[in-house]
Amino acid sequence: MQQGYCHPLSPNGRTSVVESPPWHYGADILFVSFRADEAEVRKLLPEPLQPGKDPGLAFAWIADIISCGADPDLIYKHPESSQYKEGLLAVSCEFKGTPGWLYPYVWVDQDFSLMRGWFLGFPKKSAKVFMTRIHEQNPILPQLGVGTSISGFVERYGTRPMAASLAITGRADREELPNIGNTYNIRHFPNVPGSTTPSIYDIVNIQPKNSRFGDIWKGDATLTFGGADDEEVRALQPKEIIAGYYYQVGWSNDIDATVVHTFL
Amino acid sequence: MQQGYCHPLSPNGRTSVVESPPWHYGADILFVSFRADEAEVRKLLPEPLQPGKDPGLAFAWIADIISCGADPDLIYKHPESSQYKEGLLAVSCEFKGTPGWLYPYVWVDQDFSLMRGWFLGFPKKSAKVFMTRIHEQNPILPQLGVGTSISGFVERYGTRPMAASLAITGRADREELPNIGNTYNIRHFPNVPGSTTPSIYDIVNIQPKNSRFGDIWKGDATLTFGGADDEEVRALQPKEIIAGYYYQVGWSNDIDATVVHTFL
Amino acid sequence: MQQGYCHPLSPNGRTSVVESPPWHYGADILFVSFRADEAEVRKLLPEPLQPGKDPGLAFAWIADIISCGADPDLIYKHPESSQYKEGLLAVSCEFKGTPGWLYPYVWVDQDFSLMRGWFLGFPKKSAKVFMTRIHEQNPILPQLGVGTSISGFVERYGTRPMAASLAITGRADREELPNIGNTYNIRHFPNVPGSTTPSIYDIVNIQPKNSRFGDIWKGDATLTFGGADDEEVRALQPKEIIAGYYYQVGWSNDIDATVVHTFL
Amino acid sequence: MQQGYCHPLSPNGRTSVVESPPWHYGADILFVSFRADEAEVRKLLPEPLQPGKDPGLAFAWIADIISCGADPDLIYKHPESSQYKEGLLAVSCEFKGTPGWLYPYVWVDQDFSLMRGWFLGFPKKSAKVFMTRIHEQNPILPQLGVGTSISGFVERYGTRPMAASLAITGRADREELPNIGNTYNIRHFPNVPGSTTPSIYDIVNIQPKNSRFGDIWKGDATLTFGGADDEEVRALQPKEIIAGYYYQVGWSNDIDATVVHTFL
């Protein structure tokens, strides 16, 4: 009998593209909150999801992430499977009066993260992601801080679906960061060809745990969406940049995921 | 309301990572049929799948594929989304007395093929795939034919999960090729963290249509499985090479996919 | 003592990134001839190179290439080292009254081609290159011919330094193709830090041999240059498209390379 | 007239694949010193280079590097051109009685580093490089220190030319690290086809400056060489592991490079 958390299932269950949850993350994040066109945000929210109190509120990040499952030795045994970079977009929403975020477009550079994302309703595509890194010992680089600029972009087939930058102006407190814990994602998986009803189509609520923050910097941010002509992320071009941050954060995606609505 | 065949769903349905079926394929294939350890093949076949009449019978291919959905202009508008390369392994099986094939391990180099595979129960991982190509106008290359050798391999993180070669000895008829039409794949998709029952877990029967063959060559083949130490494809190392072919083929994955069993 | 055609030199000379010449090529090429701004072309031609009779004349191609050195078995033993894709730009010039072409910007997706290019004065950068491919057996794809469209582009860090397309309108004769044989490239290699004079800086004349042509198609072409803001290929944006072709060609870069001028 | 530090030369000199020196580096390094077969090391040292006092002494590293030229804003304007990873091998040598190191085999994942290496006599090939990274905020990862293990490997076409690991046992002082400053590299660049004498073939002495060290850890190391069958790095398989370190370091490759011998 085949075993494993997910495909590829195998006799000993060791070939799955992702380990079973819980998953633990540590990330360096270039974060930009912004307002998009309210009508465009609304188009991304199927009933019963509703626009949030600030209906055009959205954020994007470029992130450099180290993740693993229950066994922290993954970073040693398979460093290639513990590192990925991500470009992510979130729009604000409400579910039965509770505010949260839905993630309509996400790009990652590794298959384990691509699939793990789909399992949790993050609709990921493959891409390359680049982001400024500073090395403290490089003789002419500044130390991270006021005056330092950070940039990043997502690359997909010769286009940049997302590009962001931040000119750091000071430190920020954790309280200044938007509360991004409560997620309402759409899980979706097509049925076999010939069937018009998806095999999975529901809303999953995810509440990350164990959040830990390192340094938090704020500054002046830019954010643009691009990509191929038919990439609909273009409709969410920022109308107003609210704030920008660069910070280190850790969290766990533990067992608190719940299907709160099904469309089937 | 979001639209689209699959994630990412979007207002106009144009961002899905794969177009909706039917899908049409044209491929150059380095094909090796072989016998693997019968006990190991059996481990890959969950009830009610049974070993086939020749219980260790298996095949592998390395393929260079041009695929599209209903719109053939994809190859012009998005060439990057119409080309991929694949390493694939199949083991023989029976479902209620009908012979077929199950595909336990597959590697591809593009996200659209990765996801399309999962939709159809092909448990794909990302990899790079390399295979000999000949160009008729290269002044010192032989024309494809007797005496020509072809090789290919799958690359994943500095390992070669699959490597194959063929020294062409002659032409073959279509009838010599194994009948690989009837597929019994396992569709599997995990549930949200905290739930131990998968969201999808069934057997899907796929019968490709419109098969068309170009040149078919046969020859002396080699095949080896490798990859990281924990890749279980290693257990299927060929005990006997049966035959090797290099051929061009086209087919469609039309609406004939049917869920024939559910494990849930 | 170390041996080999080029670095990495090694005791047995088998680790060189490229084999020694001659090199043999077979290519599928999307070719667009055009006129660029004459003043911009002139800026690319150091004395004693002069503008050609048609001073803004230029061409670009996107190519899918199979190449090898003296041993054609490379395509079997190391398929990964015999295949590359290329975006290339040429501007017309004259050297002492003899017309030829200089290649100011070229992108390739493999290190062996990158270095081989530098050895011959092709100033290559790394990139990914995508181009339409048709598979004859794909059930819904047209056969290559009138009405078929081909496109291609160069990808570098989320930008497209070059993109081209062709809508095929008919067959063409070999005589219609521009004569692209005679090349005047600039070989350049910096000296060690602290020295302002390059170690190599000359003009090399290359005359490919053994040209062989397969099918040649012509049609209506487009061509655009892009890339990062500081990519100077942007200055050569086509002012007029002259012609477009898609064809198969083979050639050898044999021993006919000659340094015809040195700047040192 | 074309301008620029190196190819591609261009009217404004902004398209060169690498900026002009000086270059500044900051790196996280997994370092393993070892003894290789003395006869094999000797084969890598052309006269007048001689084996060192400890003739089989060698070291290898896997490194994650942030580098730039004179403008530190590169990390912001073009993060994609300031980051690379490297696998590197060094063998000890002497030049006229002065001890130093020669680097016979190096792999990097970016073209700017590939070319910059060739300019300085580092015979680089393209590869992917993976190495353990720890994120301090990941909830279940250990903080870097005693008990932490680090691993890394070089990937080239489905093989691992170099793989290393370190189990950290304690802190080390800077004085414990081998002195790796003095480099005797072989610059080599082929002549045009038809000429058997290289255009460049000499020994360059490089003395990095501004070395700065961050944390230095030591531990129990492993190191293996692999790669394709014809990769001659295999001949240098460690006979004895001497020591292993993981540390942060910065340095500059300033104007102190000197050609100390020519083979032409």
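When the chains are written out, they are named A, B, C and D in that same order, and each has its own residue count from 1.
The definition used in the following text is that a contact is a pair of C-beta atoms (placed from the backbone, for glycine too) under 8 Å apart; a residue touches a chain by one contact, two chains touch by 3 or more.
Predicted model only: the values in this text are computed from it and were never measured.
Think of each touching pair as a link: the shortest run of links from chain B to chain C has 1 of them.
The chain with its CA mean position farthest from that of chain C is A.
Of the two chain pairs examined here, A-D and A-C, the one linked by more C-beta pairs in contact is A-D. One rotation lays the C-alpha atoms of chain C on chain D, and its angle is 180 degrees to the nearest 5. Of all residue numbers used at the contact between chain A and chain B, over half are used by both chains, marking a mostly same-residue interface. Once the centre of each chain is set as its mean CA position, chain A and chain B turn out to be 31 Å apart. Rounded to a whole number, the gap between the C-alpha centres of chain A and chain D is 35 angstrom.
Distance between chain A and chain C, defined via averaged C-alpha coordinates, is recorded as 40 Å.
Shared contact sites, meaning residues of chain D that touch two or more other chains, fall at 80, 130, 157. Only residues 24-28, 65-68, 70, 72-73, 75-77, 79-80, 82-83, 130-142, 148-152, 165, 210, 212-214, 248-252 of chain C touch chain B when the two sit together in their complex. Contacts from chain A toward chain C in the complex involve residues 128, 130, 153-160, 163. On the chain B side of its complex with chain A, the touching residues are 1-2, 5-12, 14-15, 17, 21-22, 40, 43-44, 46-47, 78, 80-81, 104-106, 110-111, 114-115, 118-120, 123-126, 157, 186-190, 192-194, 199-200, 204, 228, 230-233, 235, 253-259.
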